[in-house]
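By letter and in written order, the chains are A, B, C and D; residue numbering begins at 1 in each of them.
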Amino acid sequence: MSVLSQFVFNGIVAGSVYALIALGFALIFTASRVFHFAHGGVYTVSAFAGYTVMVTLGLGLAAGFATAALVAALMGVGINMVLYEPMKAGNVSPFVAMISSFGVLIILTNLTAIVWGSNPTVLSPGGSATIYRLGPIYTTGPQLQIIVFTVVLALLLWVFFRFVRLGIAIRAMGSDAELAEVVGMPSRRLRHISFIVGSGLVGISSLLIGLNVGIIDFNMGFDIMLMATVAMIIGGLGNVGAAAAGGFVLGVVQNVAIWKIESKWQLAISFGILILMLLFRPSGLFGERGPAA
Amino acid sequence: MSTSPSSNSPLLVLEDLSKSFGGLRAVHELSFSVQAGSITSLIGGNGAGKTTVFNLITGNLGADSGHILFRGRRIDGLPPHKIARAGIARSFQDLRLFSRLSALDNVAAAIPQQRGESLLASLLGGARLKAANRENEARARGLLEQLTLAGHEESLAEQLSYGQQKLLGLGRLLATEGELLLLDEPTAGLSPGMVEDFCGRIRRLVDAGKTILLIEHNVEIVMRLSDWVVVMHQGEKIAEGVPEEVRHNVSVMHTYLGISS
Amino acid sequence: MDYVIYIGNLMALYATLAISLNLLVGYTGLISIAQAGMYGIGAYITALLALNFTHDLLLTTLLSAAGGVAVSLVVALPALRLRNEYFLIATMGFQSIIYSLFMNLELTGGPNGLWGVPHPQLFGFTFNTSLEKFLLAVALAVVCYVLALRVTRSPFGRLLRAVREDQTAVSSLGKSVYRIKFSIFIFSAIFAAAAGTLYTYSITAIDPVAFALDESIFIITIVIVGGTGSLNGSVLAAVLLILLPEAMKFLPIPALIAPQIRQISYGLLLVFFTRFRRQGLIGEYQDVLK
Amino acid sequence: MQRIGGLLVTLLAAALWLAPVGAQAQMAKGEPYRIGIILPMTGTAADYGADFNAGAVLAEEEINAAGGVNGRPIKLVLADSKASPKEGVAEFRRLVEVEKVPAIISTMTHIIVPQFPISKETNTPMITVGAITPLIRTAGPTVFSNYPLADDEERIIAEYAIHKLGIKKAALIYENSAWGKQLGEIFSAEFKKLGGEILAEEISEKGGRDFRSQLTRIRATNPPLLVAYAYYGELGLIVRQSEELGIKTRFMSMGAPQNQAFAEIAGPAANGFISGSPRWDENAPQVKAFIERYKKRYGKDPDLYGPYFYDAVRLFAAAIEKGGYSKEGIQKGLRELGNFPGVNGTMNFEKSNVALLPLRFVQFENGKWMPIKN
């Protein structure tokens, strides 16, 4: 039993990382209906920007987080302005935007390698984390921070989308742009706000995750976007809270499966879940609506 | 329930058809039938469930309960393409043309049982395939000509005017050789002259042996064209009869005609 | 010379891959990113056959194609029920699963892959020079091009484009959308698998990395740059995109960042062609990719 | 077409703007001797490429600053394999035919294996570095390795565990790549041959960052020894996450963790880690001097393989001096070098194409790798 509880907890830690990325990804999807894969590139660049301010310039933790959030928010809204908005205006299908977004991810990944190098960069040296033991479960300070941060953030966003006028408007916009204008704000501006908030969150998350893992590297945006996509499908599209819940479910299933299945099949298991979800519950575990057929 | 086909049995029968979305009752225990060679109109206000009825008949939606019989055979539960193949063709309110295909391709695509329609046949090619293709294209050209679209064969559907697009939609419908045609607001958005033209065409179709089920907002057209009228309100049938009867039905005046005129 | 021939060989293989994918993406509106998986299936089947049973060109190609069909059935049965982005994401899932199988099965050699594949034989003739293998790849590309042209110009091709425009309308005409999508998916997989066969014979050693998600993205980049719905465009873009990084190697870019610059240029091409020139280099209409 | 042309011009302009001022000394004159080097510069394995290239470039710069070979400079022609065999083959051919290099340095098992036939066909000598596959031994006379192959290295590591440490039970985790899998499987076979038992066998993905579930499986077997084959980034995380999961064990590996970045990532959890590799004696004066020069040039410690790339470049330079600047001359030169003083130890290709270097075991103590007494 002690082993199983550790697997479940490992899953919650991994899941909170997926959930953090999926939150911003889903927020942006909800507002713009774009699978914003470039989010992974924003994640990477903002982590390195935060690292530069925090470690290289030695300006401290707060300055690092502020920089990461700011850089991410600017990049996110910039990508929306330059790419997605003109596509939307031209009435182009969202999956063209999705392919474009892939291109941006490739560009940002390799730019990071040019600027900061291809070696892993140490953000927090080993031995700096306090280790706790909760019954049979081992954990660390940064892990608990991430879990708490993710849960609080997911709850805040859930409340925002359910009860706050602006949030309701953003949610409505995904399905009907005119509906959103009820709040007296052009839908374009609502989308910009969503990109700023969703990207800013990933900026903060990038450093938080980096501090937990210990290292960051130029290539880290790719894998995490794959998992965030799976998390969002599992949770249910168009619903930010559901995407976060999907992240946790993915993390736990992935890790608990390893209890009995060889670890080399972890990736295949994740995508197997994705396909089963698409087939049998395309609206996601917690989603409100199915795929727009 | 009688399923034995006889000469004077109706072409299409709906029996106690129900469909709801979430908690919303879109169609409720609806029954009516369409006689072969007639024009039957389905009328009712917005949200009365008319288009849902079309979607149920064509298999685009599955009914929660009830049956649909075409030529005495159950068709509910069949996929849309099988229902279409059985002889039910439909037009769409929003046309759903193949926008970036030429007018000719739009019509030619609808011709049933073409030789080169399967991958294998198209790969094998051959002289007979070429001959069949020529024949089908000639038929499509003929239809376009009938519909005054000669000269527009190579234009993309999206480049045509709205009126031409409506005609092209009709052409595509006719190319299917369906026996029962479901027309969803065929005259909406047309100029008075074109409306007349359309009415004439619809009449001539019936004369040529087609059966028509029509959704139409324009009461004048309904009264003039229909052999039978079914009135729906909030998913239920509230009246049916020959146009004169329906016109004099008070409840109809109140719920539908009164509001729309 | 062998270098130039080898580059030509790659061009021909990618032309085949791009044409077969364009039938899905450009004609039928099925944005699949599992093409590298299908390609890999052909490559692995060929390597396994050639190392253990036979290196007869015809036999290995046919069995690879059969394998491609079998796998595409597994992928298509569920994936084709989904539309648009959901289809894309499902194919991404299958791509990753296929890659994971290559990477972790004992049969495929895991990350080591399979090596030492003998030269292919046909009716007693052995294709052992780069030039002969290049000619095989060109022959495959030509066959693929001719058949694709035939398909797209037939009534079936008209239905493909009709499916791309409006599936509901196609089914209302009495045509099975599922059958149409299914047949073209299988056709596409056959040629991707056959390209895999020739890849294995020309490189003699294969490993999972060659058939990863990046490879699928590269193939779809060719299709988009060439123009969705344009077979000539796919051929042209295959040539140009293989040539582009090769040509860039001769530019005076500092060695240390040149590789990243090449990757970035692919990213820029994807962004440029989806944002500003959706018809591709020589695509049919502005709006096929819409 | 025009658009592509425009793009090329833009990229060219960007490249020129980014180009650093040439750092090469101008001591050596004349047409340079060109040596090809194929590394994974982009993709998941790009961190390898960066480290490997750093070692090679240092040798190039030093040789040229010292007057070159026969008074002529040497020039490395770098190619990117993208860790993909398709590219590796293309680049090998391009380097031989277009760049006209008579010798090539290459790495990574799945890249070099498809290059063997081309090396043979074109009679081009290649030095493989760190690609440890025993296939190198049978690849023909043109293929050399200046690093011991896994069947030697891992056998000695297994012997060390059984005989020196007296441990007969071990858990194993290795990188899911051709490199990691061969190391892991050969160790496992040798360990079992000596009566050892493998309690658990897990993989780590290259580029993976969360190994907790694998380690939890390993924890359940309570192993006295955890043998881990991964590169230093992932290896550091494996050690760190083991501690975070409460695993109390001794770690062992080949030379991959012997650098500063590993020490930082793993932290004190790595204390007691034993690493066996043909690596240098850190206290030897020439090694100390090398590390000084490396640190001065790059501002960090060398990794495991970078210095072997450094040696590979110097081996080719010496072979050119001895046998002449041609494919045959370089092969002959390599064989006739005798005992070549590499920074990693004395290399000799007289009898075998694989340089036999003795293994040295070191142990991690408070941020440093210390020689093991006795």
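Following the convention adopted for this analysis, contacts are C-beta pairs under 8 Å (C-beta built on N, C-alpha and C of every residue); 3 or more make two chains touch, one makes a residue touch a chain.
These figures come from a predicted structure and were not determined experimentally.
The set of chains in contact with chain C as well as chain D comprises A. Greatest Cα centroid separation from chain B: this falls to D. Of all chains shown, the one whose average CA position lies nearest the global CA mean is C.
The centroid of the Cα atoms in chain A and the matching centroid in chain B are 47 Å apart.
Averaging Cα coordinates per chain places chain A and chain D 35 Å apart.
If you average the CA atoms of chain A and of chain C, the two centres end up 31 Å from each other. Distance between chain centres (mean CA atoms), chain B to chain D: 72 Å. Shown for chain C are the residues in touch with two or more other chains, namely 103-104, 257, 260-261, 263, 268-269.
Shared interface positions of chain A, i.e. residues touching 2 or more other chains, are given as 110, 113-114, 264, 267.
Shared interface positions of chain D, i.e. residues touching 2 or more other chains, are given as 18, 41-43, 49, 176. Pairs of chains meeting the touch criterion: A-C, A-D, B-C, C-D. Residues of chain A that touch chain D in their complex: 3, 6-7, 10-11, 13-14, 17, 110, 113-114, 117-120, 122, 125-129, 131, 133, 138-140, 143, 213-215, 217-220, 223, 254-255, 258-259, 262-264, 266-267. On the side of chain D, the complex with chain C involves touching residues 1, 3-4, 7-8, 11-12, 14-16, 18-20, 41-43, 49, 53, 76-80, 82-86, 89-90, 93-94, 96-98, 109-110, 113-114, 117-118, 122, 135, 176-178, 180-182.
Contact residues of chain C toward chain B in the complex are 147, 150-151, 154-159, 161-162, 165-166, 168-177, 183-184, 187, 285, 287-288.
The part of chain C that touches chain D in the complex is made up of residues 1-4, 6-7, 10, 103-104, 110-113, 115, 199, 203-207, 209-210, 214, 240, 244, 246-249, 251-263, 265, 268-269, 272, 277, 281. Within the complex, the chain C residues that touch chain A are 31, 78, 81-86, 88-90, 92-94, 96-97, 100-101, 103-104, 217, 220, 224, 257, 260-261, 263-264, 266-271, 274-275, 278, 289-290.
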